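Chains here go by letter, A, B, C, D, E and F, matching the order in which they are written, and residues are numbered from 1 within each.
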Amino acid sequence: MKYLQDLHDGDRISDIYLIKHKQSAVTKNGKPYENVILQDKTGTMDAKIWEPNSAGIGDFDALDYVEIVGDVSSYNGQLQVSVKRARLCHEGEYNPADYLPVSSKDIPTMYNELLGLINSVNNKYLKYVLEDLFVKDEKFIKQFKYSSAAKAVHHGFVGGLLEHTLSVAKLCDFFSKQYPKLNRDLLITAAICHDIGKTKELSAFPQNDYTDEGQFIGHIVIGVEMVDKIIDQIPDFPPFLAAELRHCILSHHGELEFGSPKKPAIMEAVALNFADNTDAKMETFTELLNSTTETGWLGFNRLLDSNLIRTREE
Amino acid sequence: MKYLQDLHDGDRISDIYLIKHKQSAVTKNGKPYENVILQDKTGTMDAKIWEPNSAGIGDFDALDYVEIVGDVSSYNGQLQVSVKRARLCHEGEYNPADYLPVSSKDIPTMYNELLGLINSVNNKYLKYVLEDLFVKDEKFIKQFKYSSAAKAVHHGFVGGLLEHTLSVAKLCDFFSKQYPKLNRDLLITAAICHDIGKTKELSAFPQNDYTDEGQFIGHIVIGVEMVDKIIDQIPDFPPFLAAELRHCILSHHGELEFGSPKKPAIMEAVALNFADNTDAKMETFTELLNSTTETGWLGFNRLLDSNLIRTREE
Amino acid sequence: MKYLQDLHDGDRISDIYLIKHKQSAVTKNGKPYENVILQDKTGTMDAKIWEPNSAGIGDFDALDYVEIVGDVSSYNGQLQVSVKRARLCHEGEYNPADYLPVSSKDIPTMYNELLGLINSVNNKYLKYVLEDLFVKDEKFIKQFKYSSAAKAVHHGFVGGLLEHTLSVAKLCDFFSKQYPKLNRDLLITAAICHDIGKTKELSAFPQNDYTDEGQFIGHIVIGVEMVDKIIDQIPDFPPFLAAELRHCILSHHGELEFGSPKKPAIMEAVALNFADNTDAKMETFTELLNSTTETGWLGFNRLLDSNLIRTREE
Amino acid sequence: MKYLQDLHDGDRISDIYLIKHKQSAVTKNGKPYENVILQDKTGTMDAKIWEPNSAGIGDFDALDYVEIVGDVSSYNGQLQVSVKRARLCHEGEYNPADYLPVSSKDIPTMYNELLGLINSVNNKYLKYVLEDLFVKDEKFIKQFKYSSAAKAVHHGFVGGLLEHTLSVAKLCDFFSKQYPKLNRDLLITAAICHDIGKTKELSAFPQNDYTDEGQFIGHIVIGVEMVDKIIDQIPDFPPFLAAELRHCILSHHGELEFGSPKKPAIMEAVALNFADNTDAKMETFTELLNSTTETGWLGFNRLLDSNLIRTREE
Amino acid sequence: MKYLQDLHDGDRISDIYLIKHKQSAVTKNGKPYENVILQDKTGTMDAKIWEPNSAGIGDFDALDYVEIVGDVSSYNGQLQVSVKRARLCHEGEYNPADYLPVSSKDIPTMYNELLGLINSVNNKYLKYVLEDLFVKDEKFIKQFKYSSAAKAVHHGFVGGLLEHTLSVAKLCDFFSKQYPKLNRDLLITAAICHDIGKTKELSAFPQNDYTDEGQFIGHIVIGVEMVDKIIDQIPDFPPFLAAELRHCILSHHGELEFGSPKKPAIMEAVALNFADNTDAKMETFTELLNSTTETGWLGFNRLLDSNLIRTREE
Amino acid sequence: MKYLQDLHDGDRISDIYLIKHKQSAVTKNGKPYENVILQDKTGTMDAKIWEPNSAGIGDFDALDYVEIVGDVSSYNGQLQVSVKRARLCHEGEYNPADYLPVSSKDIPTMYNELLGLINSVNNKYLKYVLEDLFVKDEKFIKQFKYSSAAKAVHHGFVGGLLEHTLSVAKLCDFFSKQYPKLNRDLLITAAICHDIGKTKELSAFPQNDYTDEGQFIGHIVIGVEMVDKIIDQIPDFPPFLAAELRHCILSHHGELEFGSPKKPAIMEAVALNFADNTDAKMETFTELLNSTTETGWLGFNRLLDSNLIRTREE
């Protein structure tokens, strides 16, 4: 398969791509055409179907896998495909893993590590919450494993939510050894649950875009509500412990202006905020360094709020 | 009855007061005594029981109504009661209304006005939510009617939450006439529900203090969860409408740094934020003017962030 | 008449347009040409006169109404007119209302409503100020009726200043019923005068751009000075009342960083700030919804500082 | 005369003091008394008249000069005078200069320097404005010479406004030599007029407190209005020059959050803002160093926003 | 020995205390006396020597150990010692460890752990820097071991700088395992050196106060200069590596407004900032919990910028 | 010589230009070419060598002076040179002054003025520091004279650092006359040294870009270290004076968020901050006015944070 990032002006393509987006349009002179965005795991490319109703242009929709025959040319400094033929493919003709960005780490292995941490939680109430989601709820488990942790920014790939969650939980595990005042059970539970709302804030791949609920409510409050519903089913769940766990999730962004309606009030909430922030920034920097071979100054990075450069010997 | 605000240095009192607070202490020389705070609707006053185990000092606790005999004296510029005798009273000996700050407006009348507004909502889903709380839920209705809207700040009295909610809803009613793009049903519903979480954020009078859940989660998210649970019980509640209503409650403080984890995204959310803020500031200013007869500059007010003065002819 | 917003690539036009702007220029190869901006009430369009001195291109200036014959083509993704013939028109050949954005509400009707509110003011000093401007000063009345309330942003059309002023005054009228501590006469007077400085901050339509005085001084201070001069002519105007009225105008933006050199210090000033801000935001949202049929997320709006969306059932 | 700053616990006084403030009060036991504040140029001291109606206590008011006989004692760590006798004095018995803080520089000499600068302005319109105020307006000249530049902060003494104005004008004079793009006439005029509104923002000594107009409007806008009225009387005053001069005054605080409703837009406005700010901070630091002999760290200073220390060799 | 925190009103003391501070003063009536502050490891207490020249009051200075005989009484709500006799003690009469707050961890053990980390650094240039300070420089080693990490705030005790440095280095060690892009040698070196400037910013115990150089320059820039001087002595030290190490120290506060003149630009600088901040906040919270047995809300904490509470089961 | 700013579409050039930048690239179709930036003192222009290996294209590198023969054409609205021939030139064929922006003032004259100010410093320690740099250090003197004060912003030309330093020192000289508390020797020394770190923060012309050390450490801390090393060589340099001088340099940006890790703590540091800021803003405004003949509003200027306009009569 010829990946999108390897195409040049003048190439002819004849391969299967994922259709990320499709929209009908009309030229300034009134002629109908189709705007299409092709996607594979190396990126996306605009494509135009100038004769949508001609022979050879089959019916298909966004999120279909379609065999595209067309010519690559440069327009306004961007490559673009002029589609000559398009055929809807069926499962088996393609390997979905070729079409989506995926974690560089093995998803089942990471999930097993996460289950190991869940197993190490002693408090029966907290363990119940974790098992209800991560052991018993098949639909949630599937979503969680394949979800990204973000639309863009960092961990924006299949398995990204799992990779981020595991990394945060391991940092919290280390913190709980270094700072004995921390309640390890509460901290590990909160770490594992802190971003579960992202399974509803973002739609599944290949879309991976904000849902209406994500825009209106946000993953922090969605996550608190999800935990709340589980707690409601557990008889005698200690109400103060429930409030502590919900609070850790609610306050994990650390500041009101970052979307947490409460500032961390207990030590575990403070620790979780640091673990989350540390992992986000470390991964952002790692992804930036992986995306380029530049050794000079990389320019201002909005997330790290600084002009960055690669350390000479990593 | 002799109200606390009318006492002077040298007075002897012999009246029933509400015990707001009671704590055992030890003098620097090791003698045990009791710190007590007396309350009536005009304010509070410190009291000391220097001989807690002597005859005439009965057993009582915080939130009891107790007949106090004692002497008023000035200590460090503050009046203080030295308690000579204390007797626990039983219901009927006192009128609770003498002991708590109460709205100057009639609570049943205000509640009827609120029911009138509820009745004017046409959308059946929204009306169900309102009726489930304000018509059917006896426990909630009782809490809501007697709750304050704040610990201090504004509307900090019995009936304050009702008075504020009604006022906000009436402003929203007027807005929906003046701005036809507003969805009146959604706006009125959101206005009436916007502060219901305060029934759990603050404990009941006479305490009227933040609960643990109030501190950890806050009335905004508590309120969203309350509405959520009702919506879950309504078959076919349109999910987009549910998200809109929850969003209005979630965003009603208008800014992330004021504790709303999302900024208003629909016109009704913007309108609700203005109605809430306008009523809060108008009431704050009104309470300030009612609390003094000063006609000169009143000094810097933290809530209105300005040095204030009474308009010459109100 | 063919409106600018309905033109397409390839159209030939032959209609009268308002000349918003005209400037001579020279191509990179030294040939003189004219840059022109055509305007009608649906928008503006760039036009070029490539042969300014040829036959058929008459003499005209910015703000003239000119009959244009030319061809529409697309350049860098924007439509542009290549002007072949241009003839200066005289009054009577065109209807000015076709060329400017105008309030959707009737201007005389709105002005009558405003006069009704002026009539309801009882304080003789304040009424004198209002009548001196809005009843006696013909030149001011004409400017006020046709002025916009902004260059862009909201109420940026003929009659916009009147529409905004009336709406703010009606909100204040409602506030004065709901909050009895408010001095209605002062509040209504301040509401009606709060933006009179805009008649000098912005030049008249079709320009509707900041004047030098507008840039250097701003409508807030200009408005205070206008009121000041009227007050100076009124014998025995109570100085404290004068200071209150000037203060309400001066502080109506509510915050120093929004251009009010003083924060609101009296209750009427606080109320006016809320009314002004509420109306500005409600109208901004309304204009946004009217400008599109999009039902999905509309993207980040700078004025409302949020990603916005249309409520599903307005 | 025994100055207030030299009194000790146990002293008896018998001297003439200025009465800064006088207010009737009632003890907690219902006995009327008088709170009085005595002032001389070294500071102020609280005094009590416990028997206001007894023989020997004459009639007097705030701002009178009164011979006080009384005893100094310490109360809550502060010295206080218990007044035994009080006699209203008449002019001639005292020297006002003993009772007010005064500039250490000679007022007539400074005023002559200012007139020299006025004389050096060539533009006839600007010179007219300056002469109208500083040469012709006797009442203004008298106020200006004796006014302070602030209630507290810096230059808070008789002649302070003149001293600050002259210093700012001299800095601007130097700037206009160093930066030839500056219009010296405009800059000198703006410098001399920049704080004239302070003659109305603050009441005269010995009160030296904010007036109602000062609180409601502020010296910046008051000053613009004062200049405005003079310009109105000058035929053919160029309107752009008028706007530039008013703008310099309006913007001289440099930032909206410091009370200037417009940011400096011309080079002279930028220069004036620096001159004003430089002189304010240099004088603040000078007054601080003069007020103490401490050579170690002086603690955090709010105006200079730093922990300060005296340079080892000044 | 009777510790200061155990004294009560009315006690007589006769024990050796460290003199933290001593200053001559004069009563309001002109009598000389001495203000003294006594210190032991449990805190400090004011003391007065009312008859400084009487028999029994020996000569001593601040930072001496002195046997004090005196009476404890309460003054303005604070305990105070009235000193009757004072005798200068000599080494051997007292145990310094009784007089200073000390790390709860063993200093030699911690130092050995630090040396272990230093030993694990492979880069010869970086190792040279570390060994030059932490192995060869006896004077520095002594200062470093006994220095606090702060005047107040957190780690404000003997050994605090070592404890904080070790903890930060261990976090960085963990980070370098979790994030393989990190250059472990650079990160560990930067972690161990990040606060070495504190040995000059703060004076030694018992003073533990800011030095003039600390106030004027600050530990961040002092630390960079210290490292700079060592690097200058190392032939062929790679200049880019030198800049990276100095940059990590310079930027370790993370934000300009926290005193770092540069934002972190390399991944190790970002990681060090998180490690430093995490350890500071965890220790702050731990010290707060250790200082009280309160289980309710602890009130607003300035450093953690939140109202805090103890987790129910630590 | 034909300057770059005078070229038009269609011109053929045949002149010597400085090569600011040169980089090999590959077209989308795989053909190698060279991106080159030409520079002279009027600006820069992109150039392309489409046939890098053809006859007539000699070998050259960035910062060489090269005779270019080529054709000017317009591409995406920018002029661009298509290079036909390129020949490396040797010294003597060109005048470097034609290729770099240079101060409009005479460099030797300015340097003499600076030496005069150095000569006026009386304190022997401070004079030693100044002479060590500005009289004895030939390499530094050469760098200092030809360095710019900025990459862009203001004083971004050969001699700019000298021009700015002299101007700041003269302002400080004037301040020390007007404010007698200022220590003139310290202030003049700090003014002359305040930006010496810029000789290392920016590379020499024609590059004039941030060095790695400039990015990692910044001119403020670099300058402090340079002064530090000189002070270390002076026996008996008073340590408090050393701290004062280093502090003035360290704090001269005035605010932490502007990159000074300490706020000004002594009066000279406050004065230096004002002098530096005043000169920067005056020069920025002057350069802006010199760069255009526009008399209307110039639009928002980021450095002066305002919409600017030329004063009518400069």
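As a working rule, a residue touches a chain if its C-beta (ideal position, glycine included) is under 8 Å from a C-beta of that chain, and two chains touch if they have at least 3 such contacts.
What you are looking at is a predicted structure, and each value in this text was computed from that prediction instead of being measured.
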Key: Labels of chains that are neighbours to chain B and to chain E   = A, D
Message = Suppose chain centres are the mean of their C-alpha atoms. Which chain sits farthest from chain C?
response = E
Query = Could you state the distance in Å from the CA-based centre of chain B to that of chain C?
reply = 43
Task = Give, as an integer number of Å, the spacing between the C-alpha centres of chain E and chain C.
result = 62
Message = Counting only residues that touch at least two other chains, what does the list for chain A look like?
response = 212, 215, 240, 244, 265, 307, 309
Remark   = Pairwise touch list, complete, is A-B, A-C, A-E, A-F, B-C, B-D, B-E, C-D, C-F, D-E, D-F, E-F
Key: Contact set on chain F toward chain C in their complex   = 8-10, 74, 79, 297, 307, 309
Request  = Give every residue of chain C touching chain D within the complex, in rising order.
outcome  = 212-213, 215-218, 220-221, 224-225, 228, 239-240, 243-244, 246-247, 250, 256-262, 265
Ask   = Quick one: in the complex, what on chain C touches chain F?
value = 28-30, 210, 212, 215
Note = Listed in rising order, the residues of chain D that touch chain F in the complex are 167, 170-171, 174-175, 178-179, 181-183, 186, 238, 240-241, 244, 263-268, 270-271, 274, 277-278, 281-282, 285-286, 289, 304-314
